[in-house]
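Note that chain A is present in both complexes that follow, paired respectively with chain B and with chain C.
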Partner chain A sequence: MRILLVLVKIVMVIMMNDALKKIKSSADKLKDDVLKGNKAELEAPVRSLNNVIYNKNDGFFELKGLMKKRTLTANTVKTFAQTLRVMSLSKSLIETEDIATKREAYYVSKNWDEARFKEQNESDAVMDDIEAMFSVNREQLGFIADEHGGSVAGELVVIDKDPNSGEELRIDCTRFGSGAYSIPSDVEHLRFETKAKSMIVIETNGMFERLNKHGFWRTANCIIVSMGGVPTRACRRFIRRLSDDADLDVFVFTDGDPYGYLNIYRTLKVGSGNAAHINEFFCVPRAKFLGITPDDIADYKLPTHPLKDVDIKRIKDGIKNDPFVHAHKSWQDALSKLMKNGKRAEQQALAKHGLNFVVSDYLPEKLKKPDSWLD
Partner chain B sequence: MEKDVSLSNFTNNDTGVPRSNGSATAKAHELAKAQRDISIAEFFEKNRHLLGFDNKRKALLTTIKEAVDNSIDACEESDILPEIIVEIIDLGNDKYRVVVEDNGPGIVKAQIPKIFAKLLYGSKFHKLKMQRGQQGIGISAAVMYSQLTTGKATKIVSKIHPDEPAHYYELKINTQKNEPEILVDSVRDWHKDHGTRVEMELESSYMKGAQSVDEYLKETAIINPHVTIIYQPPKGDQLLLVRVTDDKPVQPKEIKPHPYGVEVGMMIKMLSVTKEKTVKSFLMSDFSRVSSSVAESILENAAILSKDKPSKMSRDHAEKLVKAIRDTKIMMPPTDCVVPIGSELLEKGLKKEVNAEFYASVSRSPQVYRGNPFLIEGSIAYGGLIPKEGSLNLMRFANRVPLLYQQGACAISEAVTSTSWRQYGLQQSGRNMPQGPVVLVIHVASVWVPFTSEAKEAIAHYPELIKEIKLCIQELGRSLGKYVNKKKRVGDELKKRSYIETYIPHISDAIFEIIGDFDKVSFEDKLRETLEKTRGKVEDLKFDPSKNLDYDEDLASIGKDSDGDNDE
Partner chain C sequence: MRILLVLVKIVMVIMMNDALKKIKSSADKLKDDVLKGNKAELEAPVRSLNNVIYNKNDGFFELKGLMKKRTLTANTVKTFAQTLRVMSLSKSLIETEDIATKREAYYVSKNWDEARFKEQNESDAVMDDIEAMFSVNREQLGFIADEHGGSVAGELVVIDKDPNSGEELRIDCTRFGSGAYSIPSDVEHLRFETKAKSMIVIETNGMFERLNKHGFWRTANCIIVSMGGVPTRACRRFIRRLSDDADLDVFVFTDGDPYGYLNIYRTLKVGSGNAAHINEFFCVPRAKFLGITPDDIADYKLPTHPLKDVDIKRIKDGIKNDPFVHAHKSWQDALSKLMKNGKRAEQQALAKHGLNFVVSDYLPEKLKKPDSWLD
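Let's look at the complex of A and B:
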């Protein structure tokens, strides 16, 4: 375990140096091209579902190889200036072993006069571009997410270290009472000790709190994680590392709607088109979809809402364009069924049968019936 | 109004409506006492607005305008390059003395009193010819106004030949009979070879600004580049508006009325004054475009014998004739009787007044409305020193005369506001004047300009006229639109270039931070060169105020409120 950690550390440092090298050589090439009067270009993979392929064996979205070339012209001169500024910021973060949240990086740009970003989504997009350009992940560039990665409760000890003293910290996730352990933005150095058999990964904090309050993790011998919507990279990486380390089954529990199926479950399991260059590390291929499935809606006679226009669009788009859906007949059927019924159901709808129905009946039943899961 | 009332009373009595009591008779007698001839003085008093004398300021302008228009017309008819002297003297108490003097052909002695002191007397009313005056009412109306407001006589000097003496008259109008009243009739020496001088006193007020005498004289000089005007305003220096060309405009031909433009009243009058012996020869010789066969088919349609005498024609016959004319196909009148100023001279005139970055002008070919040939020309100026705020500045002209009042009621304005200016790059809300730095000149030339009133301030809304004015505006607008778009493109390009300038240092700074020491200056130069090379040349559209050699700043400032002399 210790050796592995050291190895990971070394790999991290090498990767950081790798990012630094890539930044330097790219700036160097740009300079040479300009001085020689050549076209100055930056090249990055296209970040969309069009540019990913999926096969079940690998278990995640891989880049197809479409590249987007951006040539330095009067039209792109501002983007070039901003990209180079962010690269320079990243270089100094790596060299000083510091980090900046995406929000902080956005504020740093306010020193750049005309090259400053007006909105944070602009600086986020530039970071994503650089990330893809160098095939590194954002954390390697020294940038971390703004939001925390999710909440964890259950029979689990997370081994971390004090950021200042370096002293080892053992965090017992059973001892947060009605609260929970919060996943940090960098999870690479964490180690785990657990006797649990599985993880249940939950869309909403409300449902997480109910399960935590009733000690469901104790009765089901599992670890529960709240994603709070689409999981952050840190959350995905945490689930991946913990499930790999402790060999845990991963069950995903979301609302019964296309957002839960495609945006949350699919992203967690195989990654996204937007971050295809890093999916390999951030996917959880062993994840299974527990509920709420279209069949659950019928079987449990759940109260429903009609599908919204955006839901219908998302289903059509998924069936037509999503390589993951293309590869899974079961998901095509599930989406078609949802579409045909025109109804969606929330996790909380289970409360129709009593507030604790989810704990006493639904989850135990579902966990016992593998053929009710979706892959 | 009085007349109407009395007429209806008469009718009642004539038709023998039973008199229920004697009081109606008494009433009639009572009314009869009030019934009398209305003197032209009274008529004038009540209708002065129709003649352009509705307020003191306008009265001054109308008086000078009528005199100057007549002078230029007279010079042109005699093939003389016009030189007009205008003088306004402030006499205090809102009284002014106005002197207008020309180098025209002069007026034959016997005609002088009638021309100046008899309303509705003149050579122009029965003529169809493109000229400034049309009615023969203007100058005598001014004499009347002078007489009514000051009680003074109008003084005329006129001389027709170097060997002839100059005749001097002091005239008033007999307001009961509409006849001249001669106070002084004498002969005197005059330094001029020929010409006419009018001097009158009137109650008025002098102001500068958009509807002033100054503005009128300036616009007259702009639109008549062959005219010299020497103008002494009541205060300040003399203004010299010197002709810019010695080329006199081509004398427009007089034409006979076209049958399509004649209405019943006119037809009755023409039938009564014709020298022709038969209706057929009357039609052929007193109208244009009536051949023998056309005359015959008109008469056939009207069921009138061609040998009938014009003098025997009744009102009924005249009506039949007019109707028959409408049913007969007649060739349109000749159009060489309208003479354009020409797009070149029009633009030159506009350049004198306005220093803009873009000009365009159009002179369209003649058209016909109701048998009257007419022609539209226009010129447009954009940008440069024209104020960016505010709406389009419209300068209207009819037969080379500036129109300063009643813009809203004018067909030209209607044509401007009903044109969609957005497609030409200007802002416009609904059917309002477009917004932007634009000066538009429109000139309507016709043998008969249909004014909305005798004051000749606005042109009536004939659809044929409005349509043709719009076509002229659209032609100008398309050129303007092209320029505005080009300017926008160049502006965008320049913005992009400044963009390059803005971001190049950021690129070199960032690269410097990443790779350390390198030659920033040569990097930036090379990058600049590469980026600009691909963009090609930009046309220089930057406005250069010194490029317009025609611009005359002194002239342009005439009539402006901000004029330095206006220091009261």
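Let's look at the complex of A and C:
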């Protein structure tokens, strides 16, 4: 056990050092170039959908390799200085094992005289560039978002440490009663112990509480996670790491609408276009869609709402432009069927058959029928 | 210990029975009236700001006593039937110790033929009426919102029970590492053990994580709560119950802007106008404002943003119409000063002096100076 702990610590230090090393060597090279009078340059991948490729086997949106170079000139000196300042802030965060929200980092810059950022979107963009430049994720650089990361209950022990004493903490997610474990913004250091067979990740907090209240995770031998809409990066990374470490299937339970299909499920499974440089860390290749499909709407005679204009636009965009939809026939069919019927249904619509129909019938039935899952 | 547990159970059963009894006796009376051919009526308090009174000593917005009567006629028969249906749903929720989100309750109505609700705002309004009619809170009726209730860390043991086995669960909030305890939607059944002296409730999750990461709750012997913006009812009720049970002061740490002052702090402390019938349960009379005051902005030389139009409107509205502001000279002064300076500042702005200035200087200084708190 102690040996394991030591190993884990070594791996963590290496990971940290990886970001640290990249920052240092990049800064050293730059300093060298400047001192020798060479052209000083920073290079980062282009971050947009036209620099993205999707290969079903790899399972996430990948960069094609287009790079943009920024050369140090009179015009770029401010952005250059800001990039180096943020790299330096990241270095000190890593060295002191501290974190900063994106908002805090923006305010820290207020002391950087001419290099201060005017608006947070400027500092956010620099962070994204650095993340892409070094192929590390923002959390490894010490920067976190100011978001709630999701809630967890079920057959899982999360192993963390006391930030002050370093003591190992074992967090037993079967023992929170009606409450839950709240995922922190940075999950890289967490370890897991579980005998569960799968995870069910849920769009709404209300549905999560229902499954928790009725101990669904116990009867289904699973772990349940509330995403609260589109999952945050912390939540996605938590699901991914847990799925990898404990060899778990991930079932995604959302509303039956384009938002649930493309914004929540697609982003969780393969990532997003404008953050392709980090999808590798945040995608969840083993995700399967268990939520409300167009067939469910018919089979379970669910109450529906008409598609809104924004739904229709999202379906058309998805079919036309989304490499994920292009690669998955099942999703082309599902989106077309949704469009044809002109109706969407929420996960709460199952309550029409009784509040606990979802626990007693819907989920057990769906879990038993792999051919009803969408990939 | 066992005796305590039994006592708590009895109190809970009485509270539950209170709502149950009120539902039953109201339904019985109605049935009687209908069978005897008398005029059948339901009566509930008017829910609006002109039916609200604020007395500083009571500490929350109270109802003045205006009532609205709904008499059963051909025109009102549908609303009448819907109200009785929702009362009946609540009765079965209480009897089976189950819960339903407001959204789920809306969908349950889809099976009520002519009494079905067309839109959720209709079923929400009926719930609010029933809540006001019986002077109980919605959670006691078994209805919850679909919201995340906030995160907790620090010197606190929450006592809950396993929803299935009934086993007592002790949740130690010092042992979540970088994570936290996630507050459930219904907190009525929770009990608390703590030696903390106070609670600090925080607007943003990012600031909460900073205080958690640096073990601020340990050095300050307190409990920290992340509200994530305007606190949900579950979060407000949790803070209130914990403050009462453990005799704790509550310090509120928000941004220095009208939203932090009036939407977050005012709502937490005394409640809101359109839900005056439940403020009694949800207000936190011991709340003190510890967040960024207009004086802090000057004293700590914080980076600011200009007030937006919506900020200015909120200040004017508050000074003119808010009974809470009318009763508290300190808030009139603070709002006027903010207006005069035309500047607001966020809690993250403290990062200008270093990321951990808030932990090492700001909070310890403010906690030591009661005359810097706003009431």
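One rule holds for everything that comes next: the second predicted complex is superposed on the first by the 278 of 375 C-alpha atoms of A that agree within 3 Å, B and C clash if a C-alpha of one lies under 4 Å from a C-alpha of the other, contacts with A are read in each partner's own complex, and residues count from 1 in each chain.
Quick note on the criterion: a contact is a pair of C-beta atoms (placed from the backbone, for glycine too) under 8 Å apart; a residue touches a chain by one contact, two chains touch by 3 or more.
Note that this is a predicted model, so its numbers are computed, not measured.
By the touch criterion defined above, A:A81 reaches chain B but does not reach chain C.
Of the two partner chains placed by the overlay, only chain B lies in contact with A:A27; chain C stays clear of it.
Contact with chain C, but none with chain B, is seen for A:I183 once the two complexes are overlaid on the shared chain.
Using the contact criterion defined above for the overlaid structures, shared-chain residue A:L66 touches neither chain B nor chain C, since it reaches no partner.
Applying the stated contact rule after C-alpha superposition, one finds that A:V310 touches neither chain B nor chain C. Counting the residues of chain A touched by each of chain B and chain C gives the higher count for C. Chain B contributes residues 496-497, 499-500, 502-504, 506-507, 510-511, 513-515, 518, 522-523, 526-527, 529-532, 534-535 to its touches with chain A in the complex.
Chain C contributes residues 98-101, 103-108, 110-111, 144-148, 151, 158, 160-164, 169, 171, 175-186, 189, 204-207, 209-210, 212-215, 218, 226, 228, 303, 346, 348-352, 354-356 to its touches with chain A in the complex.
Per the touch definition, chain A reaches chain B in the complex via residues 23-24, 27-28, 30-31, 34-35, 37, 40, 72-75, 77-78, 80-82, 84-85, 87-88, 91-92, 112-115.
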